[in-house]
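Each of the next two complexes has chain A plus one more chain, namely chain B in the first and chain C in the second.
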Partner chain A sequence: MSELSLENLVKIYPFTSTRRLFGRKQARDMLAREQAMPYTTNEGVIAVQQFSLEIKNGEFVVLLGPSGSGKTSVLRMVAGLESVSDGTIRMDGKVINDTPPPDRNMAMIFQNYSLYPGFTVYDNLAYPLRNLHMPRAQVDEKVRAVAGLLEMTPLLDRRPSELSGGQQQRTAIGRALVRDPGIFLMDEPMSNQDPALKARLREELKRIHRKLGTTILYVTHDQTDALRLGDRIVLMQDGMIVQAGTPQELYQHPRNLYCATFLGTPQMNVFRGIPVQEGKIRLMGRDISLPESIKKAAGGMAAVTVGIRPVHFVPDPRGIEGTVDYTESIEAECHLHLKHGNEAFTVVVPKTSGRPYSRGETVRVMPETDRIHLFHPQTGIRLD
Partner chain B sequence: MSKEKVKAPQIKDERGFHNLALILMTLLAIYCVIPFILMLSTSLSSEQALAKGGYSFWPREFSLAAYDYMWAKRETIGRCYLMTIIVTVVGTAGNLLLTSLFAYPLSRKDFKPRNFFAFLLFFTVLFNGGLTASYIVWTRLFFVKNTIWALILPGSLMGAMSVLMVRNYFNANIPYAIIEAALLDGASDMKIYTSIMVPLSKPVMTTIGLFAALGYWNNWTNGLYYITETHLYTIQVYLKKLMDNIAFLKSGNSVAESAALAYRTMPTEGARMAIAIIAILPILCVYPFIQKELVKGMVVGGVKG
Partner chain C sequence: MAAESNVQPIVPRSSQYDNLLAQRKKNRRKAQARSALPLYLMMLPGLIYIICNNYLPMFGILIAFKKVNFSIGIFESPWCGLDNFEFLFKTKDAWIMIRNTVCYNLVWILLGLVISITIAILMAEISNRKAAKIIQPVICFPSMVSAVILSFLVYGFLSKSYGFLNTTIYKDHPINWYASAQYWPFILTIVHFWQSSGQSSIIYMASIGGIDKGLYESARIDGASKMQQIRHITLPMLRPMITLMMLMAIGKIFNSDFGMFYQVPLGQGLLIKTTQTIDTYVYRALLEMNNVGMSSAASVFQAIIGFLLVIISNAIVRKVDSENALF
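And then the complex of A and B:
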């Protein structure tokens, strides 16, 4: 187990060399595309910037963000597979910016597990130890111990192609575990699995983490993985941290509109609200009371952005009127997609409410007062 | 509701094209097989019949005289065979080693000067020193004349196109994440090459190996340029020398009675063809078994890359 400290990490990828491209138009288009990225310098595209994070011993931290948000770049810099343009990476207090990957005492699990195809499970597990020139008996002992821990002893003679997705993942974890690394790095290890298997793999990973207490840095774009696995989630956008905190913190107190809409299924409803008097806003023709904590936040503003999660509406005969556009029946819930004039919003009601909803039907709902979020209409920053 | 006739989608009839392709491919195959049949038929015909009626697809007067002549020369031919096998085995092994060793760093994204080396490699495809300069370099600088190395090193040891083919195979078929995983697992570059890259690239290595082996087996030019000692002759060099000698006797420049007699009594055309048959026999025997791998490797290296 180890601690990791990332201080002001920056990663700049140089612009693609266009000298090798024969077509001028192609070269021009490529440069234009790269220069249109959110952040660029004369040197190239900035993939990661101002990235500072402390990861404690045994913590399970998830880097979450859409494609191109820089999460994999951070992971690869930590692993030593990418150079660090600026900033410092410390592991247990020691700077490891220039330490070669094998000497960092980290193990990485890749998207497709990257098991060695020609090797058996045993050889896959033994490979890192053989590279350390460990005596054969010791290698055997360690491999069998890890295989026992992961319940893989009967599979030791199989090749990766003969394993199921879950078994492949366990082999990859085993290969990482066998070296007894300080930190586990995982790069979207479940992105190619079907939902049922994914759920099982998540449980298994959680069980292993509980059992061993290893420090894990996990990269994903899947919010379900992040919310269910992470002790802490680091949400990223355009190479920067938007918000870092526990899953509950991010879900209940999103720092900005991006964070609020990124987390949660179905997505948070976003409306334009007009503050009418202190503690009240007008939303789709109804005056809604604001919770105590944000009563004064909208004071003096002509309009605010109001965020309400679909699960935080309750049926109310005096509430906002909406016409059912269509419905989705998902497990124990019913998702009502409503329309109010030009506004469209989603409301989740439990199926136990007993009544079916049909298209064109009018429904009246009211948001739960203490679950309303307000954001600045221009910057999207949370108003508290 | 009015009933409308829905036109069934027409599947384009490609039978005509297939038949044409079949005919063309058959003609091409016959075109390739004809010389071999002629060769076999000639080697089994008597010299007199050949002199009278020329070549035919079926032996005119069946005779094993050419093969008897070969049998009489079995000691020399056996030695040439052995030399050919040694050259082919050593050359092919060296070729595979050098080709893959060159291709591996070129396939590594983190090897900064790879573009420079790729340029150097490609340069040799377009330009080379020519025969005279090569001859001088090999004989004056490396002193390979009349050594077995003359049959192995010049020209055949490593081909730029083979390197590019192997590099493309590495890039297209071995996920880069596997290399990164091995790096994190503490493997050295050499270890990655030997334990991961080579075992995972069997199809392309088989293809390159077969090309190299065929090249070495059929090569007679190196022997012609650099070898004068008869004990270093390979089978192809021996065949070439034999043909030269027959041509010399036939040309009438040799006025000696014994030479004229030798020419009259030896099965010249038949012997030529018989030795050619003997030379390609091993390849003919092996080819059916390796054909699948050869095609697979070519498709993988050529199309996917």
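And then the complex of A and C:
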């Protein structure tokens, strides 16, 4: 168990060199693509910048972001597999920027598990310990304990090629566990599991975390993983932190429109609203009163961006009119895709009324007052 | 933990779809035949080449079983059963040439495996990509040197009066290399590896390049040293390739590089004890005794034994490690 402090981390990958003998065309195309990235220097692409994060002892932190947002880069810098371009990494107060990976007391689980191909599960688990020159009896004891924890005992004599994906993953987790690492690093460890197994593995991971209280830094692009697993979610975009906080914080108080639309299914509805009078906003021809906390936020603006989650609408005979475009019925919910003039939005209603909605039908709904989010129309920053 | 379900399938197994796939295949084949025609046409030249060059000459196998008389032609010549083979194995050279061929091959296969994998691993560890780009073609260059030129290079070293070795290291007691058969196993081995190891390592380099980098990274985090990474990751991952190369080499265990075994010793008769292989013997038999039947018998012998060896060793591989068997 350890705490980790990342301060102003920067990672710059050098541009692809075009001075090569073969494959020049591809290299030049690649370079052009890299130079078109949102953040570059004269030398290369900035994959991570202004990344500061404190991870407390025993915390489960999830790095969440779309592909290419720099999650893996952060993780690899923490693990020591990638050099740090700028900034400091502290573990338990000690700067470890230049410490070689094996001395960092971390364990990493890779996306594709990276098990030793020629070893049995037992040897895969024992290998990190043998490298620490641990006596054989102790190695055996630890391996068996971990195998028991992960319910892998019957599989100890198999090779990785004889295991299912989920079993391979548990082996990889086990290999990380045996070392009692200070920090667990996981790079999308479940991205190629089927949903049912994924849910089970999530529980497993949660259980292990509760039991051992290890610090975990977990990378994923799957918001379900993030919302279910994390004590804290760090949402990233283009190599920077958009918002860090508990899943509730991110869900209930997204700092900007990006965060608001990234989290939650179905996606948050985004409208253009016109502030009409103090505390009221005109939305699709209806004046809607704002919650107490943001009553004054829109003051003096010609228009604002309004965000309302589909689950935060309630049927109301005096509400906004919407024509049903199509419906999806998912478990106990019904997702209504509505149209109002040019605006399209989604509403989730419980499937209580026996009558199904039909296309072209008119529905009247009203947003729940204190669930309305306002964002700056240009910058997308939350208005409070 | 795994919630295995033993629920019966909703639709019981039935025969309603029994020949569906075959039917589909038939229809598809008809449609494909037309669209694939250009491809078949494109294949034709290659096919003709293989038939003319590799399969038609196989009728030459007949020669091995005939007492060839050129005045009446091969087909008219009388059969002689296995006489040619008998004659081949009765000569006093038979033992020498078979021993030489097999021993050289065995040693070279094993040594070659070690050398080419070592080179491949070393190459993969070169972190300077530019240097690697230069070194790679350079180490492959010797394999493009023809046997005749090679023989002159070797002669430059070994010539009795002007050779590099006799004018430097062995200045005081020069050695008549081309008359001393005992040195030639070593000379040929050195020459062989000088020439071939670069090229034979390429295939391993390619395989190493294909190994998932994550394996090495996770090993690094586990604290594995470079040597341990090689032992526990690189070598196991190379195993299929090693097996394949070994199987192919074993199939050729009765063959030898004629150019090298004949040209590099400059065809010296004095060196026959250590440089005669089946291939050079066939050549000499043709040249000196004009015995087509026996030369042909030697080739047939090589081919059949080689074929059998591949089949046998593949069977062994399949028993031991079925994933890596060739067929």
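What we mean here is this: the second predicted complex is superposed on the first by the 374 of 384 C-alpha atoms of A that agree within 3 Å, B and C clash if a C-alpha of one lies under 4 Å from a C-alpha of the other, contacts with A are read in each partner's own complex, and residues count from 1 in each chain.
Following the convention adopted for this analysis, a residue touches a chain if its C-beta (ideal position, glycine included) is under 8 Å from a C-beta of that chain, and two chains touch if they have at least 3 such contacts.
Predicted model only: the values in this text are computed from it and were never measured.
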Fit or clash between chain C and chain B when superposed on chain A = clash
Which of the two partners, first being chain B and second being chain C, lies in contact with A:Pro66: first, second, both, or neither?
-> neither
Which of chain B and chain C A:Glu151 touches, first, second, both or neither | second
Chain B versus chain C as contact partner of A:Gly299, first or second or both or neither = neither
Per residue count on chain A, the busier partner among chain B and chain C is C
Which partner does A:Pro38 reach: the first (chain B), the second (chain C), both, or neither?
-> neither
Is A:Arg200 touching the first partner chain B, the second partner chain C, both, or neither of them?
-> second
Chain A residues contacting chain B in one complex and chain C in the other 79-81, 101-102, 106-108, 110-112, 114, 116-118, 127-128, 131-132, 175, 179
If you look only at chain C, which of its residues touch chain A in the complex?
-> 1-2, 133, 212, 214-215, 217-224, 228, 232-233, 235-237, 239, 323
Given the complex with chain B, which residues does chain A contribute to the contact?
-> 79-81, 101-102, 106-108, 110-112, 114, 116-118, 127-128, 131-132, 175, 179
For the chain B and chain A complex, residues of the former touching the latter = 175, 177-178, 180-188, 191, 195-196, 199-200
Complex interface listing, chain A residues touching chain C = 20-21, 79-81, 101-102, 104, 106-108, 110-112, 114, 116-119, 127-128, 131-132, 151, 161, 166, 175, 179, 200, 204
